[in-house]
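Next, two complexes with chain A in common: one pairs it with chain B, the other with chain C.
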Partner chain A sequence: MGRLARWRGAALTFSAALIAALTLIAVIMLSLDKAPLAAAQRFIEGAIGTPSARADVVMAALPMLLCAAGLLLTFTAGLWNIGVEGQVTMGAIFATIIARTIPRDVSDWGIFAALIVPAELLLAMLGGALWAGVAALLKIRGGINEIFGGVALNFISVNILLSLVNGPWRVGTFPQTAPFAPAALLPRQPELRLSPLGIGIALAAFGAVFMALRSTRFGLQLRAIGRNARSAGILGVRVERNIFWAMVICGALAGLAGAFQALFTRGRLLPNISGGVGFMGVLIVLLTGVRAAWVLPVTLFFAVVPIGSLKLATSLDSAVQIDATLGNVFQGALVLAVLIGSGVRAGLAARRERRSEHG
Partner chain B sequence: MLHSSLKRAVALTAVAALVFVGLSAAQRTVAQEEFVVGYVLVGPQNDRGWSQAHFEASQYVEKTIPGVKSIVVDKVNPADRPNVTLEQVVENMIEQGARVIFTASDEFGAETLAVAERFPEVVFIHVSGSAVLEGKAPKNVGNVMGKMEFMKMVAGCAAALKTQTNSIAYLGPLINDETRRLVVSTYLGARYCYEKYRGLDPANLKFEVKWIGFWFHIPGVTADPTAVANEFFNGGADVLISGIDTTEGIVVANQRAERGEKVFAIPYDYSGACEVAPKICLGVPYFNWGPSYMRIVKSVMDGTWQSSWDWDGPNWENVNDLDTSAVGYIFGDALTDAEKETLNAFKKGLGDGSINLFVGPLNYQDGTPFLAEGEIATDKQIWYMPQLIEGIIGASKAD
Partner chain C sequence: MHVELRHITKTFGSVRANDALSLEFAEGRIYALLGENGAGKSTLMKILSGYQPPDSGTILIDGQVVTFQTPADALRCGIGMLHQDPLDVPNLTVLDNFMLGRREGLLPKRNAAREALAQQAGRLGFQLDPFRYVDSLTIGERQQLEIVRLLSLGARLLILDEPTTGISAEQKHALFSALKRLAAQEGMTIILVSHKLEDVAALCDEVYVLRGGKLVGHCQMPTPIEALVTLMFGQSLPRPTRSAHALGEEILRAEAVSLTARRLTVRDLSLSVRSGEVIGLAGLDGSGQSDFLRACAGLQALNSGRILLAGMPIHGKRYPELLRLGVAYAPSGRLEEGLVDGLTLTEHFALTAGNGMWINWRGAATLAAEQIARYNIRGAPHSPVQTLSGGNQQRALIALLPKNLRLLLLEDPTRGLDVESTAWVWQQLLARRDQGAAILFTSPDLDEIVTYSDRVLVFCEGKATLVTDLDDPSRNPVERLGELIGGKGFGGKDSWVAWRGGAAPR
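== the complex of A and B ==
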């Protein structure tokens, strides 16, 4: 099949899946006596109609984009880095190591004040990379599948987080740290919840991954490993080393996403700090079929969902006031529909091929 | 090839048309020109507890003041809405025209103050907080709370009248000033009634609190209230008093009663909470936010509102008058008529001041004096309860 035909096929699958997911949501809403079309209008208007909503969408997309970028590397090499959630969590924890010690007033810090955020981000990347490195070593040296290692490490990271915010880092009655000082946060614009620095970092990271996959030896080797690791090894690709680095880079990017959650979204460390952005990244990469070019629009699309859902929940019109969890149902249904669609398409293609061989 | 893509196109168009027709049929118009009030709830609006009590109040305000429209957003907490902050919710409400916003959880305190600075023309009421009292609130922030202490005393009294194992359990949320003073009030009520009405020595009454760590169960983060409740009953308690936002306490008590155990429960927060298991319910101390909210919304509407810290009490004539009383106690089916009569006498004493339980001598849990002989606690001493008091088993501080 030609490149164009393949692209058209993917687009068709996606639109069909979108229609299926929308239909499902519409049916649910009609059964609840809500008005789906009015809701859709308010959803879209709400999510992209005002500068503040657009800023929220962009900022919600950044951590997902970072995770998805990292996961493009691992999925290309055929690795299911489910541990990405734990890597996000560790990133948030490592960023907090510095962030919680920064005082409210840093006016006499001079040049060092400008180094706070970079230091936090670097430490967060280190934290995520360490956690991914453990999963990679477990796979390479211990022969433990990265999915199982990742699940275990996710569990451990959550417990480290909880013991910190319940114990030494806790401030006040709730299991959370105090709000970080302004100097410790990602700089944001005064009026909008928007961080140009954050956008720059995330886009740069995504761009780098995109280029690495497209036109570097590293990207080529990852693809070779993803197709068939053993053959790649026989042909001289250093499989273990490439796997290790794919995991570690993914972990660093996930750690960065964790830092965004702690230093921007929440402004403090608290339980569930990752907010599921790692798993969102997995969904996004699955949804795009590990195609880097599609990741950006799909991530934005995913980021619209929580913001738009909130608009529905805060609506005055009871006919569109729906529980925001319906947004999650929509996302889940969409991913499922796309996966089913791709499966069906692959099945049809295989049958066509067989038929043409026989005929 | 042409044939199949034609079929595909027709099918897609048909589906799209069907969806469109279905959607348009249900479309409605949006009305404007109303006085909009926003309510931010921490738990689900149908939790039969803390959050539902606020939801009911929003409906009450809508019903009693013409032209008021509510926006209620529930489950605003990091577990249920991981990527939504209070600031975003509030912004959305203001975008919809909200002029008064109630943030109905202790947890929203700091964020309410921060966001109020950004929207000085909107009135924010932080429920259960005391930033106004401490002079830390901007002038567009008010605080409101109900004097639940009295109804918790009644709850403690009911438990003391009922217990046969002389062991009362309190299922606590997290530890702070508010939850400490409620546990202390419950204990004082229990001790008083155990001694005065049952003629027993309060030294033999076991009163234990266990804290789950948050207002409601968050799997993996808090202790599981179901497990804690079972532990209590396994340990010999026969009355479980809940202090958490949700209904696990009465649910567990009911399960055990169905297995033949003689146990009872007192839920919390919401007037309908006994309905979960009426037969084993000794009643429910509940918040009735409606009158307070109506007063606040009305005063904002007519321009007379001013920042204040309101600690609204019961209407002692009838604590269950939903139009006037900020807190109430509804008797449960498990109370006998004699017990109800005793409780009414106790309530009457609390109301006319002949019974005051916050009177010395009382010691804090570590033995240091709280109130000297005959000393009566001030509102502030009760509000900022720094420790549990002597006689209560359980932690005074989070470790």
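== the complex of A and C ==
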């Protein structure tokens, strides 16, 4: 099959899946006596109609992009790094270790003030990498599937987070830290909620992963491991070492995403700090079929949905006002529909091949 | 029940596994189906028991033509097969397994089934606790359960595939006396698929011998073992004499190695291999020869003893490290462990050649094109390896081997290859030998082992015996290896039966 035919097939699958997911949402809205078409218009306006909405979309996309970039490495190596949520959480916690100690006034810190954010980000990467490293060692040395290890570590990380924001780090009546000082936050443009530094870091990380997969030995080795780890080992690939590093790099990027959530999106540490960006990254990578080139547009698309749904949820017009979680339903339905569509397409291709073999 | 097979033919790719086979099985008799690995025994029995259809030929039961779509069809006609690995459900109880496959109403009648189980088992002299879980049973007990189950489902012809592998001496005794009773008193037909001549001599009335998919002999027992061995392995051509060559330094040394194979433990294996030497590893499937190869490649742990590579113990080293020291391992399952399904030839060469962080794709494509021309691989640099034929996959695997090798470990290097590809593969391997590499290889084909080996290590029943005098003109070397593999070679029957009885059941 030619490249063009493959592209056309993928585009067809995606459009069909999109229609299926939109239909589902429309049915749900109709059953609740809402107006789907008006809501759709409102949704699109709300998500990309104004510069500030577009800035929100970009910033919402960044942590997802970081997670998706890391997950591209692990999925390529055939590793289901479900522990990515925990790695995001640990990143946020590790960034907070520094962030909560920064005073409001750092004018007399001089050059050291410029080192606050880099130190926070590095520590966050360390936290995520540490958590991923544990999952990797459990797999390599303990023979524990990375999915089970990841689920357990997610659970532990959430409880560490809860015990911190309920205990020693709690400020005020709610289980959360105090808002971080401006010097501890990711620098942002005042008029639009945009952080050029954040955008730069996320794009650089994604670009590095893209290049690694495309033209480095590491990337090729990960692909070989993902396809057939035994054969890769016989061909001389150090399977365990590569698995370890794929997990650790993914964890570092997830930790960075956690730092974004704490130091930009929320501005403090609170329960559910990850906001599900890790799982969102898993969905994105699944949706693209682990193809790096597709990750950027799909991530932007995924970032539009929560921003648009939020606008619907806060709308005063009762004909379109609907809970923001419907956006999650849409995303989940879309991924399922694409996976089903890909499965159907593979089945059809196999049948066509069999038929051409016989006749 | 009288069963007749007429002109059964079955082809897999270019291999004719069964070539117009015609056999007859009469009521109340015990038959042996003999042949070495790949002779076509299992294929024929799978056809008879409904696991696969023949390409052509017919099966007649009491003169009526029958066709089977599934094993259940065959069982309904009275043909039941006991597999080498019992096909039971391990995490169910004995009773549950016994009830599986019974055609009953929605609610199974457990008490009736329990009585039937006890009655059937008692009749055969088997002792089966209905409430034990199957995964806590030994292989022998699982066989007993399977036999009882097949009989209760109405089997009148019982096929047993290598039933004595992995069971104790007492269990074998119980099995054989039960089979004899079934044949003599109830008119059952028994077919024993085996390459163990001992078992055939102890149990069977008639023997069919297959070789290379053809029926080469039909004898009434007792027949001298030597005659059966000759039928099984054929009269091979005289061994080609190898031109004088200088052996180099010692490359590989195994000292008192003990390792665990699928069903048995190989003990006290010692071997010294020098550069430029070819050692064939012979033995029945799963006797430890493949495991020894993997151990030499650092892919399998030893129970005790040690393996040295040019004087240095390989303990704790993994295969990628050994590969850099000049040890290469090529497994028989090319796409399972050797080539990576989904990667192209260029990507394979990029993976194995060079060490830098960045991949030079243009260079890799050039290298792939060169190697494709040099090794005569039918494929393009951008061909995914799974699209190549078996022979071309083997060529690719050999083309991927590093340049300066000291030790080559090959598992059945010519599996599934035609004569031409086989000759080509060996030409390449012997060229490596002449450059100073030592070669260890396994093969189910004794002719291949005799033809290319300087010495042969025979694996049988947990022992490894080195055969050095293959050139002895008074004996046919293939026949001699055949006897050793069949367990006739050392210390007589008693010694290995004693070892067997002492082995812990699984």
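Everything below uses one rule, namely that the second predicted complex is superposed on the first by the 358 of 359 C-alpha atoms of A that agree within 3 Å, B and C clash if a C-alpha of one lies under 4 Å from a C-alpha of the other, contacts with A are read in each partner's own complex, and residues count from 1 in each chain.
Note that a residue touches a chain if its C-beta (ideal position, glycine included) is under 8 Å from a C-beta of that chain, and two chains touch if they have at least 3 such contacts.
This is a predicted model, so every value here is computed, not measured.
*Asks:* After lining both complexes up on chain A, report clash or fit for chain B versus chain C.
*Replies:* fit
*Asks:* Once the structures are superposed on A, label A:G150 by its partner contacts, choosing first (chain B), second (chain C), both or neither.
*Replies:* neither
*Asks:* Applying the document's definition of touch, where does A:A232 land relative to chain B and chain C: first, second, both, or neither?
*Replies:* The answer is second: A:A232 touches chain C but not chain B.
*Asks:* With chain A at the apex, figure out the C-alpha centre angle toward chain B and chain C and round it to a multiple of 10 degrees.
*Replies:* Superposed on A, the angle at chain A reads 130 degrees.
*Asks:* In the superposed arrangement, which partner chain does A:G83 touch: chain B (first), chain C (second), both, or neither?
*Replies:* neither
*Asks:* If you stack the two complexes on chain A, which partner ends up touching A:Q221: first (chain B), second (chain C), both, or neither?
*Replies:* Only chain C; A:Q221 stays clear of chain B.
*Asks:* Figure out whether A:L22 sits in contact with chain B (first) or chain C (second), or with both, or with neither.
*Replies:* first
*Asks:* Of the two partners chain B and chain C, indicate the one touching more residues belonging to chain A.
*Replies:* B
*Asks:* With both complexes superposed on chain A, which partner does A:G258 reach: first (chain B), second (chain C), both or neither?
*Replies:* neither
*Asks:* Quick check for you: in the superposed arrangement, does A:G133 touch first (chain B), second (chain C), both or neither?
*Replies:* A:G133 sits against neither chain B nor chain C.
*Asks:* May I ask you to decide whether A:P271 touches chain B, chain C, both, or neither, giving the answer as first, second, both or neither?
*Replies:* A:P271: touches chain B, not chain C.
*Asks:* With the two complexes overlaid on chain A, what is the closest approach of chain B to chain C, counting only CA atoms, in Å?
*Replies:* 24
*Asks:* Once the two structures are superposed, pull the chain A residues common to the chain B and chain C interfaces.
*Replies:* none
*Asks:* Taking the touch rule as given, give the residues of chain A at its contact with chain C in the complex, in rising order.
*Replies:* Residues 215-218, 220-221, 223-224, 227-228, 230-238.
*Asks:* For a test of understanding, state which residues of chain B touch chain A in their complex under the given definition.
*Replies:* Result: residues 8, 12, 15-16, 19-20, 22-24, 26-28, 30-32, 34, 36, 38, 69, 71, 73, 75, 78-79, 81-85, 87-89, 91-93, 95-97, 106-107, 110, 174-176, 213-214, 218, 220-221, 398 of chain B touch chain A.
*Asks:* Which positions of chain C touch chain A when the two form their complex?
*Replies:* Spelled out, the residues of chain C in touch with chain A are 299, 318-320, 323-324, 329-331, 335-343, 347-348, 350-352, 354-359, 361, 400.
*Asks:* Of all residues in chain A, which touch chain B in the complex?
*Replies:* Listed in rising order, the residues of chain A that touch chain B are 12, 15-16, 19, 22-23, 26, 29-30, 33-38, 40, 46, 50, 52, 56, 60, 158, 162, 166, 170, 173-175, 179, 193, 265-266, 270-277, 306, 310-311, 313-317, 319, 324.
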